[in-house]
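I have a structure here, written as C-alpha cells, and I will follow up with some questions on it.
For clarity, chains are labelled A, B, C and D in written order, and residue numbers in each chain start from 1.
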Amino acid sequence: MTDNDPNASIAAAQAVLDAVPFHDQVLRPRVVAVDPRAGSLDVALDPNPALRRSREDGALHGGVVASLIDLAAYNAVALHKSAATPTLDLRIDYLRPAVAPLVARARMVRAGRRTATVDVTVVDAAGVTVALGRGSFMILEG
Amino acid sequence: MTDNDPNASIAAAQAVLDAVPFHDQVLRPRVVAVDPRAGSLDVALDPNPALRRSREDGALHGGVVASLIDLAAYNAVALHKSAATPTLDLRIDYLRPAVAPLVARARMVRAGRRTATVDVTVVDAAGVTVALGRGSFMILEG
Amino acid sequence: MTDNDPNASIAAAQAVLDAVPFHDQVLRPRVVAVDPRAGSLDVALDPNPALRRSREDGALHGGVVASLIDLAAYNAVALHKSAATPTLDLRIDYLRPAVAPLVARARMVRAGRRTATVDVTVVDAAGVTVALGRGSFMILEG
Amino acid sequence: MTDNDPNASIAAAQAVLDAVPFHDQVLRPRVVAVDPRAGSLDVALDPNPALRRSREDGALHGGVVASLIDLAAYNAVALHKSAATPTLDLRIDYLRPAVAPLVARARMVRAGRRTATVDVTVVDAAGVTVALGRGSFMILEG
C-alpha cells in the first residue's frame, strides 16, 4: 500500500470527515473519490428522512445541500494544504429539488498562499445537476 | 386574541417551522420574533453537541449556520407573501466562530412580484455578529 | 442566409450590445460566438489603457471584469428568451490579474419561467482562467 | 491641519482614487467621506450619459454599479490597512434601477490579518437603496 493507493486515501479522508460531530451524528457523508494533490473530493449523501425540507416530498432541506457543499469544498482544500482552511464565504445556487442520494464534486480552482477558491457541483442519481456551490477559503499555516 | 397578537404570530410561525423534518428532528429552531407584514423573522438556535464542527470546541458547523440563515430568510419571505418561496441562491460570510445560542435576524430588503431579496445577521449570546447571509428567493403563486 | 447562419447571429447579437451606451462608448465588447438556443454567448474585450486598474501594469480594473461578466451573462439569457432579463444578483471570483484581450464565455445553467442562472468563465489570450462569474437573472415577459 | 482633518483625509483618498486610469478616465468617482481608522468610505458617482445601460432611460449599466461597489469596498480596506488589498470575490444585489447621482457607502465588517469583509450600500439622490454589495478582500503586506 502506497501513498497513491486510492482506497487508503479514501479511508483517510473519511476518517477526517467522521471526526466532525455534525457529520458523524447527522449528515453521514461518504467519501467516494479524493485526489489531495489536485484538490478534488467527491462526497456522497445517502437518503435520510430527517434531512428533508417537507413531509410531502423527498427533497432535502436547502441547508443540507449547503452543508454538503461546504464540507466537500472545505475538505478539498484542507486535504490539499494539510492545514485548517476555514470557510470565508460560500455561495449556493439551487437549480432543482435535491433528492438523495447525491454526490458533491468539489474542485479547487485556485490555491494561493493565503486563500483558495473551490467549485462544487451537486448531482443526483440520474446525473442531473441540482445545485452549484462556490466558496473562498482561508489557509492557516499547519 | 387578534391577528396582531405577537404571541399568536410567533406560535403560527413556529408551527410552520416545525412541519419541516430537518427542523423538527435536527436543528430545533425557535421563533423569537416575527413581523410578517414587514418581512422580518428572528430565529434562535440552541446549543446541541451534534451540530458542532469539531469535538475540540463548541463552534457550530458552517453548514448549520448556513441552514439557520436559509430557514430564517426563506420563512421571512414565505410568511410575508403567504406563498412558497424557494431559495434561488444564498450567500454566507463567516466572520467568527459561531457558538450557540445564536439568533438569526432575517429582514426582507426587496420584495417584487417574482423575487425577493433578504439579509440575515447572525449574532451570538454576547451580541457579536458571527455570520452574514444574503439570498434571492423566487415567489410562487399561493 | 438562414436563421442558423452563425455570422448573422453574431451580427445581430453585436447590434444588441452596441445599442448600450456603456458598451458603445466605453467597453467596446465584441461578440465572438453566440448560440441563442443553448443560451451561450462569448464576448471579447480588447486592450484599452483607460480600463486599467493602475498606471503601473496592464491589468484591468475589477469593475471592468465584473462589467464584462454581467453583459455576457445578461445577453446569453436575453437572446435565449427574447426578453429583458434584468440582473438580480451577480457574483465574481477574481482568480488572477486580468490582462486584455479577454474572452468571457457565458453559459446558461438553468432557465425557468421566472429566473435563469448563468455561469461565466473569463480567459486571457493564453487560455488561462482569470475570473469566474455566476448570476441570477429575472425574466420579464417580452 | 492634522491627520484627523476630514478635508485632508478626503483629499488624500481622492488622490488614491484618481491614480487609477479607469477612475480618472471613465468613472470619475468622488470621495465624499472617509474614516480610514473605521474602514469606512463614501464615494459619489455623478451622472454621465456614457455610463448608461440604455439610450431610453437614465439608469446606469449594472457593470458601472458593480465597479462603484468594488472601488468603494477595496479602498475602504486599503486605506484602513495601508496596503494593497486585491478583491477576492464580490457579490452585487440589484434592487432597483440605479440613476445617478449615487453614493456608495462602504463599511468594513471584519478585518483580519489575511482577509477582510466589506458591506456596501448604494443609495440614489432620494436616499433609496438601489443596490447592495458584499466582498472578501485579501490583505497583502505593505
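As a convention for this text, a residue touches a chain if its C-beta (ideal position, glycine included) is under 8 Å from a C-beta of that chain, and two chains touch if they have at least 3 such contacts.
In this text, all values refer to a predicted model and were calculated from it rather than measured experimentally.
Ranked by distance of CA centroids from chain B, the top chain is C.
Of all residue numbers seen at the chain B-chain C contact, over half occur in both copies; the interface is built from largely matching residues.
The mean-CA centres of chain A and chain C are about 30 angstrom from one another, to the nearest whole unit.
Averaging C-alpha coordinates per chain places the centre of chain A 34 Å away from that of chain D. Chain A and chain B, compared by their mean Cα positions, are separated by 23 Å.
Residues of chain B found to touch two or more other chains are 88-89, 91, 93, 117, 136.
If you check the complex, the residues on chain D that touch chain C are 19-23, 25-27, 49-55, 60-64, 66-68, 70-71, 74, 86-94. Across the interface of their complex, chain C is touched by residues 88-89, 91, 112, 114-115, 117, 136, 138 of chain B. Looking at the complex, you find that chain B touches chain D at residues 91, 93, 95-96, 109-110, 117, 119, 129, 132, 134, 136.
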